[in-house]
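These notes concern the structure reproduced below.
Naming follows writing order (A, B, C and D), and every chain is counted from residue 1.
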Amino acid sequence: MTLTYDWWLLAPVLVPGVGALLVLVVDAIAPRLGRVHWALTAGLLLVGAATVIPGLLPSADNPRRTLCLSDGSCLYAVDHVGAGLQFTALVSAAVIVLLALPIRVPTERAPVQAALLLTATAGASGVVAARDLTSWLVTLELATVPTVALVALRARRSATDGALSLLTTSLVSFAITAMGAALWFAATGTVQLGGDAVLAASHDADSRRILALAVVFIVAGVGFKLSLVPFHAWTPEAFGGASVPIGGFLAVTSKVAALGALLVIFRGVSVLGTSALAAIGVLAAISMTVGNVMALREQQALRFLAWSTISQAGWVVLPLAAVSSHAVRAAAGYLVVYALATLVAFAVVTALAHSDGRNHATRLASYGGLLRRRPLLGVTLALALLALMGLPPAVVGLVAKVLALGPVAGGRLWPLAIVAAVNAMLGVAVYLRWLRILFGAPTDPGTHDRLHPVHLAVVAIGLAALVVTSIAPQLLLGLVGR
Amino acid sequence: MIHPVLPMLLVGILFGVGLYGVLARRNAVLVLIGVELMLAAAGLLFVTVGSLTADPLRAGQSMTVFIITIAAAEIAVALAVILAVFRARGNIDVSQRGSDD
Amino acid sequence: MVAALLAAPLAPIVAGLALVAGDRVPRAVSRHTAYAVSLAATLISLLAAALIAYDRPSLNRPWVPEVGMRLHLAVDGISVPLLLMTAAVGVLVVIHARHEQPGGGTPGTFFGCLLLVIGGGIATFLVQDAISFFLAFEVVLVPMWVLINRFGDPKDASERARAAATFVLYTVLGSTLMLVGILTMVFASGTADLATLARHPLPAGQQTVVAAILLIGLAIKVPIWPLHSWLPRAHTIAPTAGSMLLAAVLLKMGTYGIVRLVIAPLPAGVERLAPYVATCAVIGIVWGGLVCLVERSLKRLIAWSSVAHMGFVVLGLMSGTAIGLQAALFANIAHGVVSALLFAVVGGLKHRWGGDDLSVARRALRDVSPRLSLALVIGLAASLGLPGLAGFWGEVLAIFGAWNPGGDRSTGWFRLLAAVAAVGAVLAAAYALRVLRIVWMGDADGGRPLPPSPESDARGGELVVVTVLGAATVVLGVLPIILLNTTSGAVDHLMAVVGR
Amino acid sequence: MPSASRLDTQSLALDLVLQPSHLVVLLPAAVSVLILVLTRRSARGAFVIAAIGGLLGLLAAAALLAQQARGGAVADPRTIGELKVGPALAVPLRLQVDRLMVLVAVAVALVSLVVQVFARWYLYSDPRYRQFAATVGLFTAAMQLVVLSGDVLLILVGWELMGWCSYLLIGHESERAKARRASYKAFLVTRIADAPFAIGLAVLALGARSTSIPQIVQHWQSAAADHGTALTAALLCVICAVAGKSAQVPFQDWLPDAMEGPTPASALIHAATMVAAGTVVLAKLVALLELSGTARVVLTIVASVSMVGAAVLAFCQHDLKRLLAWSTVSQVGLMLLGLAVLPVREPADLGISHLLSHAMFKALLFLLIGWLSVLVGGTIVERQSGALSKHLAVRWLVGIGLLALAGVPPLVGFVSKDLIVDEAARRGVDGDVSARIAFVALVCVVALTAAYTTRMWLILVHRTGRQRVVVREAVEDSYDIRDVGIVEMLAGSPQVDVHGRPLRRDEPMPPVVDDDDDGPLPEPQPGAGARTGLQLLAILSIVGGALIFSPMLEVDWENANLWLIGASLVLMAAVALLVRLMSIGTVYGDAAARLPLPLRSSASRGFDVDAGYVGLVARPVVALARGVARLEGGLDRGVQALPALVTRVAGAGFRLHTRRPTSGLVAVALGVVLVGLMGVIWW
């Protein structure tokens, strides 16, 4: 049995993966380098991201495959959407690393964290392109397991609590996913995730039923990672406990991995027609609603962002409820915009936590008058929140909302569309709360440290990115193909 | 050759027992064991189905191996976390409320 | 000319963003600078709008292909009056804002938000692409929220927050529903171009649902009874300049949206729903009129009268006749001018009195402030549909249009509605005169008329604003032909497309 | 010379965009605009503008009359151009110049001019004179628009504008609560009556697919057979509006209250503009009225009831100004009957001729009562009693006005009234129901009119006991009776202005024209212009009847029923005698004093119809409004409760999220079951 190898194509997975080993090796050779590890990691991730760029070009083949078997089926394929997601995962991880760079941690912990982060990113990057159950399951777990450790590594009581919550849920979800995978195998008789086997299986009533069960098990398993309600309970705990950049990693890179995983399955099942995925629509609706409603009363900034993530996850999978050619791109497009806005928000929170102290960044009330106190942070955060709301001047958020609603409206799923509209309203109420605090009376944190230059740079770049993509949203949406 | 219904039944039982364990136990390690049971059910299903199909890749069997491996890795992380939890608060009760900073 | 197309919306938007963003860097923009920048931006915009109205240029290039958005800017007879009105009201609002700048924030933010609202309004009337229309629709939300929330009535912070939130949430719900409707049409026909959408309607069966969703969404913005309850609240709290914009610009977006997004592309759906929507509109006319009879807050009363007036507009739109459509477009503009005038006057009064409770006995305004009182009389007279002023033609033609509705609409029902609307016009007279009796004639009894006190009369910027708006009210009333001729070509075209 | 070729000297046709008909409307409107724009607190400037504008307006009307007589008038001049409202309706907005309306326009312009000039004297010290003059200008313009309009929309424009101007004029002295209420009531009552007007006009116009009156008449004349119901309904709507504007039953009660306005305003409203507008509009549509029997009967009944009832009320009024007001209601009813009993296919000459004569004598009477009220400080019987015996200058004019009102030959009132009575009798004999009703009512009104005019005259010329004593003493103490002025003898009662406040000496007194005969007696009287105007009105009241001989009016005066005239004269004389007998021995010479007091007081309040308006319309509407406001409050509270509801839901959500890992696991398990069920059910 022979496999073809296209190393360039595999590089987005290999670079971080091998990089993780490299970081550990470097640490073994020259211990206690501290920040150097972070810098190395960021460099590796950016290199990985650079290797994706050829796939992003409109001229690139769609999809590009490798690891092909002799019978012509391939285990690894990257289409435009996949390349876009890989790029997002790698860049977002790099940004997270940059955010983590100035934070003081015990020096022996830095290489571990860096390696874990690289591993998780490699998993995220790989699951997007996996085309068979085996590699899909492996890369999905590769993206998940390290995050548990990353959360726990903050080594505070709240962090270990969050990690425990994350751990138990992830384990059970993995078990459910594995069961789903097994059922899939039972129904189709193959580990290929392509549509042909699904189509063949759907002709037989028994295997159809088993396939249905398989799909819902897998959706449930991935739903945990996407923080879809009711698989979401870990999210506020983990976000609240983890260090701020790791929260960002959970909110962004992890979500990219999860959506990538879901899209792989979705592509396979979409040949069956719409009713198969109605469950996704229901989950999306519940997630949006619960996330928004809970965020309305949340007082902690990080937990607020967690609820926001939950509701945004609903928006991300919303288009998938309608099986259409647009759905995949719409979901990916929304995710990319969400990733940008959430990253920027986390960057601001990180910067503030670093300069004013974590206690002055975790309560929403401590953002009072930020627009006056720290105009750059205030404006950036306001713009990020507006993007999450989907209101101008953050046009990019609005375009994302249009994108997400498009397939639903096009598929005439009226109840879902109306729930989405109501949630658009709730979402505005949610983020306006924070925005109002930004406009409100200033609260004095006592310390007036300057921002760390790296944070400053990241926030400034984030602001610039939001502004540029608001003028030309196609720059961002073009990442996931046209 | 045994009839596939028996292993299938076992898969169901294992998964159910595992799920029950996960939901009913308050000790984190026991929860882990429940998860292991569920994973075992998945693995068993893979093997059973794999033996029924003539797959040149022997996918069923290899998947089982993968699942066992992943499970092992997870257990490693899980035990580390449980250790950390124990250090932080002195028990490993999964029904205890999470706390803020 | 293409530059004018871009300059009209972008001049205020860019200037507004610059003012808001640059407000703190490095220090607050002075009031004078903010005013100068705003005035310049709105004047540029007005000039550009005039050029556009004269030359009718067009710009069409791709923008965000992922969602089918194009940068397609053009005007026709329906949008030109709205465009000009928005640009002109923009200038006036800026002038008025210098005269009466509320506390609660820096001048930079205040003027910046005003400019953003103006720019959003102008953009709404320029875009020819359904999704860009939605975008332009949303542009005004956040600045308006800031205006109400930060610069509103300084007395009651929690009421400010509530009013602002009610406004923004209602509107977002409406516009998202509108987006759903838009996207359905866009997906069905494969284009977001408004003109193309109108040429390729959906199958009749699907039109009803889409039209219902769009109408509910737009009804919030207009607002149509019973989705109006954000309006009185927002108007009562908003600063005068904000109220003027809200009434003159924001409400117009709703009716414009109905014309562009519902009536043109979904004729069959509109025909099915027209009786219900028209009924709601007429209930709104009577409802608003009745509430005005007992309302104690002057500003809220004027806001309520907006609900009633927009009822006439919607009645005309739903009649499915060229007369009704013309009437609606006319009443739309007329209401914009008249309500801007009334809010300018009433806001000024509230400012002077320190409150707007009608149950407080005050000296006759006709004696105290003759100029302001003349503006108030003109505004209220126009509001009650006095001929020779802007309000008359739209309302009377709306009744004419509803009397013989187009298509398969139930004639009997629409005639009943027209009759009730006529009764609603009587209510308008009753409440307008009620206000005049209390405010203009004064409550104090007996004695000779008191000499005027010039210091409390309209002066400077305020005088300019009320004069221009009052003159516009009179001109529109005396020469309705200016406006009706502008819109008639586009209306005939629309009616031909709709198939009547 | 282009201008030479533009005027056809033969027919006086003018080849210009701006026709005299335009000027007739525009000049008065220009007066109001110019006063508001040009003058700043200068009453003199306002007066100059008003007088010149009024004069020019009258000249324009006269020119139009000349044109019409010579055949050179443009029949349908354009105005602002055709409104484009789609194919279903043409809105040409043209004027319509015809024989009758030109006459009305002249009368309106004349009355308006006299009122303007008189008001300068009457409101000399009024700080709101400018506004008054401007409003009168606008009022005149609106009426002229109605008169000359050839388009139902233009009628509506003028119609509503008049209502508004009447509001402004009645509420002129708005510092008085009664004036505020009266103006509010006047506008609302007429506006309520107008609500059907728009509908009626819509029916007429949409049926004819045009708002042009000639086209409407033409269309409905041919379509009446098929759409009789629609026509009747539309006409009933129009009649309702006419009843509102012309203060006919059941809308009559606003008019007496409108006496709260300054007297010149009353003269304008009653004589030439608002009240007469109903007649003008119906005259334009009279061809349709003949097609609908129902509408005619309704009109006849409304007019008859108003006419007789108002005449009765006029007799009982305690306030002479209100007496005149009720007489207006009665006389307008007479005009409307003139339209209702019209011969088939005839233009509306009967109604219009009475409109013209009424305009003359009623303007005269109102202005005179205004003059008298300045002299004696009020219009109630007690004040006015004997006014004419004290102020002789006014005596002849009042006498002429009252005789014309009573319809004594050969004054103008007689001529136009008798024509209507004649026609009613003639058609009644022919068997026309409405004519018979009208005839009965007319007979009553002839008697009642004679009664109340006699009563008024007797009150005005009555000499009180005190007066007689004073006169006797004066005669006895004086060597030269001619030098004794009666006013001087009454100098104990101070002079008051229109507000009932004493005139201050330092204020500029109205210009007094010295009269050689009367000596240096400072009696307030209008300026020479106003007096000339009054005299002109009086002369017209006497000789205006001659107009029926001109070709401008086509009435059948040759076949007058002399027996009928004789009978009515005898009736009038008998009634006058009766009233004279009743007045003997009363304190103020008031014949009505013989009537029971409750009847008089109730009649003075218009039989308390006002309470009916309040009870039947105002209270229920306000109660409904309160109900709606409460409902709205409920709706608003409901909406505002949503955030609280969501917050409560969120609170429940926080309780559900126990933050225990186990509860998360339970949720996952439930989720799997849920999703599994959905998957199995929906597959």
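In this section, contacts are C-beta pairs under 8 Å (C-beta built on N, C-alpha and C of every residue); 3 or more make two chains touch, one makes a residue touch a chain.
The structure presented is a predicted model; accordingly, all values stated were derived computationally and were not measured.
Set side by side, A-C and B-D show the greater C-beta contact count at A-C.
Here the chain at the heart of the structure, going by C-alpha means, is C.
With centres taken as mean Cα positions, chain C sits 42 Å from chain A.
The distance from the centre of chain B to the centre of chain D, with each centre set as the mean of the Cα atoms, comes to 96 Å. Between the CA-based centres of chain A and chain D the separation comes to 78 Å, rounded to the whole angstrom.
With centres set at the average Cα position, the gap from chain C to chain D is 37 Å. With touch defined as above, residues shared between interfaces to two or more other chains in chain B number as follows: 22, 31, 94, 96, 98. The multi-chain contact residues of chain D, meaning those touching 2 or more other chains, are 643, 659, 661-662, 665, 669.
Across the assembly, chain C contributes 165 as residues in contact with two or more other chains.
In this structure, the chains touch in the following pairs: A-B, A-C, A-D, B-D, C-D.
By the touch criterion stated above, chain B contacts chain D in their complex at residues 19, 22-23, 26, 31, 94-98.
Of all the residues in chain A, the ones that touch chain D in their complex are 164-165, 168-169, 172-173, 176, 208-209, 212-213, 215-217, 219-220, 223-224, 229-234, 236-237, 275-276, 278-279, 282-283, 290, 293-294, 296-297, 426, 429.
The touching residues of chain A, counted against chain C in their complex, run 329, 333, 371-372, 375, 379, 386, 390-393, 395, 398-399, 401-403, 405-410, 412, 414, 417-418, 420-422, 424-425, 428-429, 432, 436, 439, 472-474, 477-478, 482.
Chain contact summary for the complex, chain D toward chain C: residues 36, 80-89, 127-128, 153, 156-158, 160-161, 164, 167, 171, 174-177, 180, 184, 187-188, 191-192, 194-196, 198-199, 202-203, 205-206, 499, 501, 621-622, 624-626, 628-629, 632, 635-636, 639-640, 643. Looking at the complex, you find that chain C touches chain A at residues 17, 21, 24-25, 63-67, 69, 116, 120, 131, 134-135, 138-139, 141-142, 145-146, 149-150, 161, 165, 168-170, 172-173, 176-177, 179-184, 186-188, 206, 209, 213, 217.
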